[in-house]
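Chains: A, B, C and D, in written order; residue numbering restarts at 1 for each.
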Amino acid sequence: MTLLAVLSPFALAIVAPWLQRRLDRAAGWLLAALPAVLFIGFLNFALRHPAESHVFSWPWIPSLQIQLSFLLDGLSLLFALMITGIGALVLIYSGGYLAGHPHLGRFYVYLLMFMGSMLGVVLSNNVLSLFVFWELTSFSSYLLIGFYHDRQASRAAALQALLVTGAGGLALLAGVILLAFAGGSWELSELLARGDLVRGHPLLHATLVLILLGAFTKSAQFPFHFWLPAAMEAPAPVSTYLHSATMVKAGVYLLARLHPILGAAPRWQLYVGGCGALTMLVGAGLALLQVDIKRQLAYTTVSVLGALTFLLGLGGETAVTGAILYVLVHSLYKGALFLVGGNVDHAVDSRDVTRLRGLRRAMPITFVAALLAGLSMAGLPPFVGFISKELIYEALHAHDLSLLLAAVAVAANGCMFVVALLIGVRIFVGPPAATPREPHEAPPSMWLGPLALASLGLIFGLVPGLIEGRLIAPAVAAVGQLPATPAPHLALWHGFTPMLLLSAVTIAAGLLVFLGWDFLRARLNRLAPLGRLGPARWYEWVLQGVLGFAHLQTRILQSGSLPVYIATLIVVIILLVGGTLLEQVQIVRLANWNDIRFHELCIILTMMMAILTLVTTNSRLTAIAALGVVGYCVSLIFVLFGAPDLAITQFCIETLSVVLFVLVLYKLPRFQVFSRWPTRLAEAAIAVAFGLVVIGLMTLGMESDLGSPISEFYAANSYLQAHGRNIVNVILVDFRGVDTMGEITVLAIGALGVLALLKLRLDRDRPGKESS
Amino acid sequence: MAATGVHVLLLCPVLIPLLGAIFSIFGWNRRRYQRTVLVVGMALLLAAAVALLRVVSAEGIQSVQVGNWPAPFGITFVADLFSAIMVLLGAMMGLAVAVYSFISIDVRRESFGYYPLFNTLMMGVSGAFLTGDLFNMYVWFEVMLISSFVLLALGGERAQLEGSIKYVTLNLLSSAVFLAGVGILYSVVGSLNMADIARLMSARVTEGIALTIAMMFLIAFGIKAAIFPMFFWLPASYHTPPVAVSAIFAGLLTKVGVYSLIRVFTLIFVQNPGYTHGAIAILAGFTMICGVLGAAAQMEFRRVLSFHIISQIGYMILGLGFFTPLALAGSVFYLIHHIIVKTNLFLVSGVVHRLQGTYQLKPLGGLYKRHPLLGLLFLIPAMSLAGVPPLSGFWAKFILIREGLELRHYLLVAAALVTSILTLYSMSKIWVEVFWKDKPESRVFGGAPIAHRLPRIVWVLYLAPIVALALCTVIIGLAAEPVFALSLRAAEQLMDPQAYIEAILGGG
Amino acid sequence: MNPPPARSMMPSLILNTATRYLMPLLVTFSIFVLLRGHNLPGGGFIGGLIAAAAFVLYAIAHHVAAARRALPLDPLQLIALGLLTAVSSGILSIVAGEPFMTGLWSHDPWPVLGAPGTPLLFDIGVYLVVLGVALTIVFALAEE
Amino acid sequence: MQAVLILTVGILYAAGIYMMMRRSIVKLIIGLGLLGHAANLLIFTAGGLRRGAPAFIDPDQSAAALAQIADPIPQALILTAIVIGFGVQAFSIVLIRRVYQVNGNDDLKHMRSTDELGSNP
């Protein structure tokens, strides 16, 4: 069933464009049926098997120990429920939001692809298949962010998200492999049982850092957070689904999943907790500076992701419970608010908080949804957001640094409070302001989602028992590897505790800032230039730096100068071959000096003269003649040393070559000296060094003058079996006839080439199908 | 008689294209006839390659002695799994690009030898994969090379000629080194049969001499494979000929170099892997990085792709450098993946060129709106190249990275990962510029002819090979097990030279 | 593919007449060299070059067009025919149930040739290819 | 003699490489020609030298005489290499002529267009 659940969205994606074309408006509703069914299935499973873990496994690449195995336990079920539940609502919403868009069909494809991938991430039991789905979420996110691909900003944001999460993904790949090596298994269920093994591994620190890089980039932790606000270029359903409710929580999911293994690693608390706290603060602070609804929401999402990371870094049952509850709570209210933002944008074509006012009359249902979600986000009772915030404060309370941490948390929550009121309340109340378009209520497909999500925030707040035992506790148990004991009692009222005090402080501070927001923002905006030094710029610098370097190295390496290419190659040969020769071979000596005869010496001297002429002459004809002389000398050497066939062939070929040279080259210009003397000298040095390497190489064969058994075989069989006295000819046409077959093919092609070069000149004729 | 069947089968990959070339020359100027000869020939080649792989897979290494002279005296044709896989890939690309040629090669080129040359190119490539004789391999290299020279220059456009000069010169240098290497090796071992040489190496050659000769072969094949710092000829020329030619070059030529490197460095030069294979691994690292940076700097469709060939060659060589069965399996898998994907990307670039008249990324655009199917067909190989799971490229990369981590070559793993992200960057660069972005006003870049509507038959012939290759990519990705298992068996065969030697020279 | 009206490169009456007689002689000699190659220096390659020289001389003396007419086949067709001959000599062995290019020998000696075998056929193929190649190149250049 | 020939081969290689780096395409092709000669002589020399004694078989030759003949294998290899080299050289010669015709120049420095980078993206 799990396999089916993960694969079915992909299957549906294939037919989605067709469905969209056939059904138009109804397509969204129909497509949503699949996640809805899956949701019910998962819910059913969760209710029937609370706090148990089940592994389902199918073979995929057995030779690499990679399986499609799935782990169903509290943690994965909670995420699966969010993915399918919110997914269904978002699909319905998309049908309304993008109604009439020519590429809506493709949009469904991407969205369904993402849904399947995300389910794969949270359900995978095999760390590698988890990684596969992880990368697929990045990729579908890329396509979704760039959905409005005729906008430059969308494309840039898509690329940024892809590169940042992609780079993190690669680190994660290395980390996951190291993890599997350390634990001796690719299956999470087995790794979870072998935490000691992993923690005892010498590469633990590297493993931890690599995995954290993957998780932090995905979950937009500082300093990788910048891609998330930029990703708000995507349509509202995408921001809702990927960039607040599900995908960005994949990193958090991974931290939670690996918590039993790595949570006790020495630097876990420092890295995870520290990074989380920083992100929480930065995200919340930056959220206050924004005026765009989506960007405000995006920065608060960053802050929440920081808080979640922070809690998981802190560890301990309360913190983990806080994190798990917060994951759910945040998905509910943030999902709703993003959809509300989409409705507003859709209705009035503006997302500027400072300009929008009094929308409640025109958009009453959206207003209700916004209010419910906003109050939950603000952490006010009786919403579940309040419970979750209390739980966080409680977790901090137990910690050594509680005062400092509490200050951080209060500051961050204060900012959230402000944003919540801005979006949930302020834009809807008061007298209506002028907007680019006349506001109107959204169609049912577009208010169903936000209203449902926001109402759940209220319901769960009023009756926390609904989720406590069945969803939260099993998930906490999975993260904490605890027996499935009932979680700390979730309730609105805990009595007068320090946590309540902190809540009060938060609300008071938040109210203060809310009232003075316009004033404050104007002041803070003077600091905006500082933003130019932020991580988003680091990304730019790195990218530009890499591209600049790429340009530079390509200009140097691929300079376009053939002599430089040749020189480089020759130097490489000298270094590799000559180096090895010098280093590895002891004896290099030239023997048999005395054994030379006068006529042989004459031939050699003639050759040397010819070479000298060749290198120095300024006349083409002289050079060609000299080359011919060298060739004839070679043919004489062949004659002298028992190779008449070679000699005749060489002689014929040399003659033919000289004729060709003269025929073809007599039209070419005189030789000129192109390069200056230092260049010439350096090149001469390279050439001489190369000659020396060749000489050294040739001495290798001199050491052992062994008779070749193969030659002996040829001599013995040439006449008897191959019926020929001329061994060389027999070799050519019989023993090694295939060589000759290739050889004549080369000749034939050479002739074709000459013919084509001389007769086919497209540059001169009219352009053909494909002339550039 | 069954044995004879295999003997014929082993020669088919060479003989079929040769006969094809002969019949094409007989029918000089008769385009339709030459096309038929080519496509029938390539289909037969593919059938033979499939049959060969099946036989080799079922019954082990197969060999035949041409002329019936016993090894090592005659020339051996031999197919182990690795050879058979390569021949099959060659045949697949041959068929795909042949079909694609029909609508993309212009009439003049068609009637000036394109089809015979295509055939002889395939002949040289198959011969190089199948021969068991070092000098014979040189001959097949030359057949392949001169065919590629002529194909590259065919048409005589200025860019083609300039590219050809560099391509020809540097490849001839490589041949010269190869030939000298064969000569010296013969002088110290006294044999040309690769199995025989492998057998005799330890007995007749000291380690120092073996290493020196190994370096010569590293350079000779390294130039053909376009590894750092010997790749200059590739980016200088691959973007100049008609795209069908680029595609078949991109798919097969450098891969013959990689094949040869793997062959000689698993069979003959295994005296001191720490030295030779260590050097290969280091060069592989540089190859990956330099290639991908080169691609990042380019703004022309085919030039980007060309530089990516280099960086991907780095991955393939890396597996050889690691020199373990799993790493070699990674190399083989990478070869399989890369040949399919890279050829396909070039084919897509040709369609883009046909539609908008340029390969420059800046003036291109708007194709995703008009031709979503083409967009999808680009995305599949492009993302596979970048290693996005679960496409074929991911598994190839994964195996190598996994093995690198196991062997603790952390720097090389880092290089591989950086290469991967930069590949992703430049593939999405093409995607953004060609498909996502709207087409800029043509007057800014000079008006190029835009043909948004092509006749249906043209579309079908363009897309048929592209769709087929894209399907291969997806299938290899989703069902990686059979392909990987095959690669692993091939790698294990490669790591066991004794079996190869015995298959050719007999048990003695 | 029609050659442009090519004038002879070197109009000379003596050469003109000489080549008329020289050519058949040279061609015969080339065939002789081809046939004896299995036992003495010579063979298809050298033979082919000599034959090519004959036709080139003829082309120099008369016209390239005349030399083309003197050839039984277009040089390109010669190349193809040569390759085909060479390959068929190998394929004959396959037909006979032996590995490719296994030498098949006639047991009865023929006049002049001695006992002919498929390697000889192969060498004839080489001869034709070399002749065709040399002429293709020279004619193409001359007609430029 | 062997030592002399080895030196000769070295000089041939050096001269060939030097010519190839001269930036002139004509010199380039001449350099390639020198490299061809050098490679052939290399194989010839490395294969072992024997004066006289071509590799011919007399049916009633003694085994001792057989042992004295020059090694035929390098010869066969060189023959193949020479012919292949010719095929390639013929093509290359015509190629550089065409390059010259199109470019109007012999200088390789003016043939960089296929390597040129566009402006910084």
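Assume a residue touches a chain if its C-beta (ideal position, glycine included) is under 8 Å from a C-beta of that chain, and two chains touch if they have at least 3 such contacts.
Every value quoted in this text rests on a predicted model; they were computed, and no experiment measured them.
Chemist: Apart from subunit B, which chains are still tied to one another through touching, counting links that pass through other chains?
Modeler: One piece, even once subunit B is excluded.
Chemist: Mind listing the chains that sit against subunit A and also against subunit B?
Modeler: Touching subunit A and subunit B alike, sorted by label: C, D.
Chemist: Does B-C or B-D have more contacting C-beta pairs?
Modeler: B-D
Chemist: In whole angstrom, how far does the Cα centroid of subunit B sit from the Cα centroid of subunit C?
Modeler: Roughly 37 Å separates the two chain centres.
Chemist: Which integer distance in Å separates the CA centroid of subunit B from that of subunit D?
Modeler: 27
Chemist: Using the average of all C-alpha atoms in each chain as its centre, how far is it in Å between subunit A and subunit C?
Modeler: Each chain reduced to its C-alpha mean, subunit A and subunit C end up 62 Å apart.
Chemist: Measure off the straight-line distance from the CA centroid of subunit C to the CA centroid of subunit D, and report it in whole Å.
Modeler: Distance between chain centres, rounded to whole Å: 26 Å.
Chemist: Would you please write down the residue numbers of subunit A that are in contact with two or more other chains?
Modeler: 547, 551, 554, 558, 560, 562, 566, 644-645, 649, 653, 656, 660, 664, 694, 698, 701, 707-708, 710-711, 714, 724-726, 732, 734-755, 757-759, 761, 763
Chemist: What are the residue numbers in subunit D that touch two or more other chains?
Modeler: Those would be 20, 28, 38, 42, 46, 48, 54, 56, 73, 77, 79-80, 83-84, 87-88, 90-91, 94-96, 98, 102, 108, 111-115, 117, 121.
Chemist: Could you pull out the residues of subunit C that touch at least 2 other chains?
Modeler: 39-41, 45, 76, 79, 83, 87, 101, 103, 133, 137, 141, in rising order.
Chemist: What residues of subunit D sit close enough to touch subunit A in their complex?
Modeler: 1-15, 17-24, 26-28, 30, 33-34, 37-38, 40-42, 44-46, 48-59, 66-67, 69-73, 75-80, 82-91, 93-98, 100, 102, 106-109, 111-117, 120-121
Chemist: Of all residues in subunit A, which touch subunit B in the complex?
Modeler: Going through subunit A, the ones touching subunit B are 59-64, 106, 128, 131-132, 135-136, 139, 142, 146, 149-150, 152, 155, 159, 162-163, 166-167, 170-171, 173-174, 177-178, 181, 546-547, 549-551, 553-554, 557-558, 560, 562, 565-566, 568-569, 572-573, 576-577, 580-581, 584-586, 694, 697-698, 700-701, 703-704, 706-711, 713-714, 717, 734-739, 741-743, 745-746, 748-750, 752-753, 755-757, 759-763, 765, 768-772.
Chemist: Quick check: in the complex, which residue numbers of subunit B touch subunit A?
Modeler: For subunit B paired with subunit A, touching residues are 18, 21, 25, 66-67, 69, 72-75, 104-109, 112-113, 116-117, 120, 123-124, 127, 131, 135-136, 139-140, 142-143, 146-147, 149-150, 153-159, 165-166, 169-170, 173, 177, 180, 184, 186-188, 190-192, 204, 206-209, 211-216, 218-219, 223, 229-230, 232-233, 235-236, 242-243, 275, 279, 290, 293-294, 296-298, 307, 350, 353-354, 358-359, 368-369, 372, 383, 388-390, 394-395, 398-399, 401-402, 405-406, 413, 417, 420-422, 424-425, 428, 432, 435-438, 480-481, 484-485, 488.
Chemist: For subunit C, which residues count as touching subunit B in their complex?
Modeler: 1, 76-77, 79-80, 83-84, 87, 91, 93-94, 97-103
Chemist: Inside the complex, what are the residues of subunit B that reach subunit C?
Modeler: Going through subunit B, the ones touching subunit C are 1, 4, 7-8, 11, 15, 18-19, 21-23, 25-26, 28-29, 64-68.
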